[in-house]
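See the structures that follow.
Look for subunit A in each of the two complexes below; its partner is subunit B in the first and subunit C in the second.
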Partner chain A sequence: MSNIFPKWTNRLPLLVLAGGLLLGGGVVTGVTYYFTPKYTNVGYQPLQPVSFSHKIHAGELGMDCRYCHNGVEKSWFSNIPAASTCMNCHSVVLKDDLRLAPIRESHEKQTPVPWVQIHKTPDYVYFNHSVHVNRGISCVHCHGKINEMDEVRHEKTLSMAFCLDCHRTAHEKIRPLEQVYNLNWKSDGFTPEREGRALAGKLGVEGSTSCSVCHR
Partner chain B sequence: MSATSDHTPAYTTTTPAELQRVPLVQNQRSLAWISDKVAGIIEDDAPRWWWYAFIPSFLIATVGFASIGYLITTGVGVWGLNNPVMWGWAIVNFVWWIGIGHAGTLISAILFLLRQKWRTSINRTAEAMTIFAVMCAGIFPAIHVGRVWLVWYPLPIPNANDIWPQFRSPLLWDVFAVSTYFTVSLLFWYMGLIPDLATIRDRLRLQAQHLTGPAAQFINKAKQAVYGFFALGWTGSNRHWSHYEKAYLLLAGLSTPLVLSVHSIVSFDFAVSQVPGWHTTIFPPYFVAGAIFSGFGMVLTLMIPLRSLFKLEEIITERHIELMCKVTLATGSIVGYAYGMEFFIAWYGGNPYELYAFKNRAFGPYWWAYWIMVSCNVISPQFFWFKKIRTNMVAVFVLSIFVNIGMWFERFVIVVTSLHRDFLPSNWGYYSPTLMDVLTYVGTMGFFMTLFLLFIRFLPLIAISEVKGVTPQADPHHELGGAQKEVSH
Partner chain C sequence: MLTLLVVGLFGLRGSLSRKPPLEVFPDMDRQPKLRPMEPNRFFANGISSQPLVEGTVARSKPVTDLAGQKVHPFQVDHPVNSGRVAGSTNYLELTPLSVSREVVARGRERYGISCVPCHGDLGDGQGMVTRLGVGMAAANLHDPTIVRMTDGQLYRTVSFGSKEGAGVMKGYAANVDVADRWAIVAYVRALQSSKLASLDELKIHEAAKPGTVPAALFQPLKN
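Let's turn to the complex of A and B:
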């Protein structure tokens, strides 16, 4: 009787194994790369109505973050400033610049500037800015070096793993309260193991990883 | 013993006539007859009754899956679940199916290790039943989570959320226990099939010589390719057989603890909680006994019609049915003992909440479920004490149906009556299923029957090679040794 299968089918198990490994590896790599916040969020930089440069304002001019985002210490929400805040200076500086037309219009008509929000937490996550900045966690941890960006882009993943990483090792991220808004701070002489733990203890930072801390 | 030559011994040393066991294959059928008989079921056209069974089963399965589709698109609110009965039919059905899935591996693994040769006639079908039952069982936990697209959460997969399964939860152990059980059962079943698949393949090649017409030739070739693919190049050589036997023994050893572990862990889903009526240490052994009880009940329900429809009475003999009845009787009595012991401990333990839960079980709003359970599970197997009943196929069939019903009600009683009286009386409620509950449950029965009917149609439903091995003729020194002779009837 003739054989049912041709001879090459003897190699079939090996081929299936190799193919399976390739396919499985490809799927894992693809999902890891394309389906995680690293890919979907990081680098997001929408076109804003005004090309406001944080690099000039917060970097070169050295303005404090809180000059504009003045609710950050008191509220869960870090507010976007109203046009009136801009006009404090821009009624004098570049007062007729075309690029600032939407700001002036907003100021006159009392309508908000349609800024596009970049950093968002999902609606099932509770995030409180004031809790973080008042416990020695700097803006830079979540937003990156805003003071070096012309226009703001999504720098960090802001994934759950990202939050948990910091909540598990808060003493490595904590810094003296007066340095929270200094995005260029260098931790000279401030070691996580000694000063970091001491400060975390003093400020009562627990870095809890209980579900209900964020999912209320 | 002192040997004194001047005394005649007080006893004679003649060996008494050996009691002959009833042979496992009757009428001294030859090995070729067994092959022809079992393979013939696949090779012949489907009998009419097969279609009468298959079409409704398939339609019912379709309705079941449609109801699952409705559940997924709408939400678990389409079921009768609500506070305080958060686990309803889904979990009842899950435990029921998983329990049914216990007979297969018990028959194939534990009875194999215990050298119970009668297992050979029923193990293939029982294992298939196990696999299909576990498939039906697996549907329920997957769909009861509500958001089915998140059902992968219990798997330890590294993810961007940095969350890991809660390994202290028995629900998670359940995921591992059931999936391990399914995998090992499937491997065990498939490995046992390999020699028989090769038999079918080789028979197809022989039949090809007598076929005319390109269509028939093509179908034959396609079948050869499919059976040949799954036969993995089995030639029946000595080396193949010795590897096969070794692997079979190893898998039997691996499966044996699983028979006990799976339902123990299913029982932990309840026993590890704090709910009175669930939080009892008797649960693991009681669940395992109940599982084997229900599994054998289902094997009997399936086997009795099967053996008469396919005229397999000479291979699945009355003795097989009787032995299964005895297992059912033993495990049924253990279950009955467990029911009694639960009540005793509820009283003896002195915990008023526990005692209330059990009183409420028997005399509360769900008294009817409790007494259906007791009559089906405790009383009905006791009929198997009588040989007259064990050898009466109609009676055994009817009793096996009662076992299936009773075991479903047992899970209903455990799940629902324990939950419907919550710790706060203001939460108390009465749970009733909705139409969707019923359709999903009946749908899985249709799914099960569809798979089972396809199995008996396309795969040898009796382990041909194993049955041959336990016939007297398999011994080459037997007077009918080998495939030499056949006693004509």
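Let's turn to the complex of A and C:
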């Protein structure tokens, strides 16, 4: 009865423990790093049917967001403009350009342009655009600097933690109502602690973190 | 080694991707309910936001006109909505809604959204689109033919486009509410009078506040 198990097996429990820790640690690190909207959402930049550039229209031409997204102040949903809105200008400007063919076709045949939606909250989240933009929360907080993007990408996480962060510190994000659509606004002289809190109070912004504010 | 392999396979946080976001735990994230402007197979044309059936009456807030009467958007022939004298094709001489400082301010804001790209901050037709030189030449709102238009005709131009829709400018009825269109008309009148004011009218201003011109006249539309 000798040497059934070789001598190295004495270290087996230690090796199993070390291997388990290493593997477990690896899995935990991987899950922490990847199983979050910081990885799954941010950077999503689908190919759109028309290479519309927000950088040119909203940035360089300085058009107001609401020229196209005209429902954003009235509705929970910020509308994608109808092709007729594009044709207000593009019936004259670049009127035979190939890149705009899907818009012209949509306008003539009354069929939708198959734009790909980028920012999508889960269906059990009742985010309301009008409530936010009419109370001093700018587009830029959730969508990033759209006016500098040729192709729109998912810039912020739009995770639940992202919403709650802002709901807890709304006075840091709030800005004068006439600056909501100015994505380049610099808060010169408008301090979160004084002016921010005062404006939040005036507009009745509570930034509630109650579940039923977003889920119902 | 393993880290390199994983990062090589899955990339880093925030790297650009054409593929739709992964939903790690997709519990009820996507429900079989209609959301606006999403594709939907229920209807033959595949659209969830169906075009309105003819005769649909929109639920809406009515506009109150000068006579205190409530006017709904579906009363298409009412002067408030049509810009025409009831029962005729004549344009309304004056706006049928009350005009106040707030209305003009609202008009200025709305003008800044929908009109400035072509007509410019000053209404002189030198908006960004005109200045680009891409074939669009917007009208100068200080042009005598436009100054002489009645309020009703301006309203109809904003709503249905220039020359009743036959001109270069398209109508903004779908984008701008009725009350906002009348507010834009009021603001255009304010813009026009800024170039047409007589010396006597200016003197009244100066008399009101000696030595000063109201600062509000010189505030830029947007920063």
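Basically, the second predicted complex is superposed on the first by the 194 of 216 C-alpha atoms of A that agree within 3 Å, B and C clash if a C-alpha of one lies under 4 Å from a C-alpha of the other, contacts with A are read in each partner's own complex, and residues count from 1 in each chain.
By our rule, a contact is a pair of C-beta atoms (placed from the backbone, for glycine too) under 8 Å apart; a residue touches a chain by one contact, two chains touch by 3 or more.
Here the structure is a predicted model, which is why all the values come from computation and not from measurement.
Chemist: With the two structures laid over each other on chain A, which partner does A:Ser91 touch: subunit B (first), subunit C (second), both, or neither?
Modeler: A:Ser91 sits against subunit C, while subunit B stays out of touch.
Chemist: Going by the contact rule stated at the top, is it subunit B or subunit C that touches a larger number of residues on subunit A?
Modeler: Higher number of touched subunit A residues: C.
Chemist: Quick check on the superposed pair: does A:Phe5 touch subunit B, subunit C, both, or neither? Answer first, second, both or neither.
Modeler: Only subunit B; A:Phe5 stays clear of subunit C.
Chemist: Per the contact definition in the header, classify A:Met160: touching subunit B only (first), subunit C only (second), both, or neither.
Modeler: After superposing on A, A:Met160 lies in contact with subunit B but is clear of subunit C.
Chemist: Same subunit A residues contacting subunit B and subunit C, which ones?
Modeler: Residues common to the subunit A contacts of subunit C and of subunit B are 37-38, listed in rising order.
Chemist: What part of subunit A is in contact with subunit C in the complex they form?
Modeler: These residues of subunit A touch subunit C: 26, 30, 33-35, 37-47, 61-64, 66-67, 70, 77, 79-80, 82, 84-85, 87-89, 91-95, 110-112, 114, 117, 120, 122-124, 153-154, 178-179, 182, 185.
Chemist: Using the touch definition up top, name the residues of subunit B that touch subunit A in the complex.
Modeler: Subunit B reaches subunit A through residues 159-163, 201, 205, 224-225, 228-229.
Chemist: Quick one: which bits of subunit A touch subunit B in the complex? Just the residue numbers, please.
Modeler: Its residues touching subunit B are 1, 4-5, 36-38, 157, 159-161, 164-165.
Chemist: Please name which positions on subunit C make contact with subunit A in the complex.
Modeler: Touching subunit A: residues 2, 6, 10, 13-24, 28-31, 33, 35-39, 45-47, 51, 109, 112-114, 116-118, 128-129, 132, 134-136, 168-170, 172, 174-176, 222-223 of subunit C.
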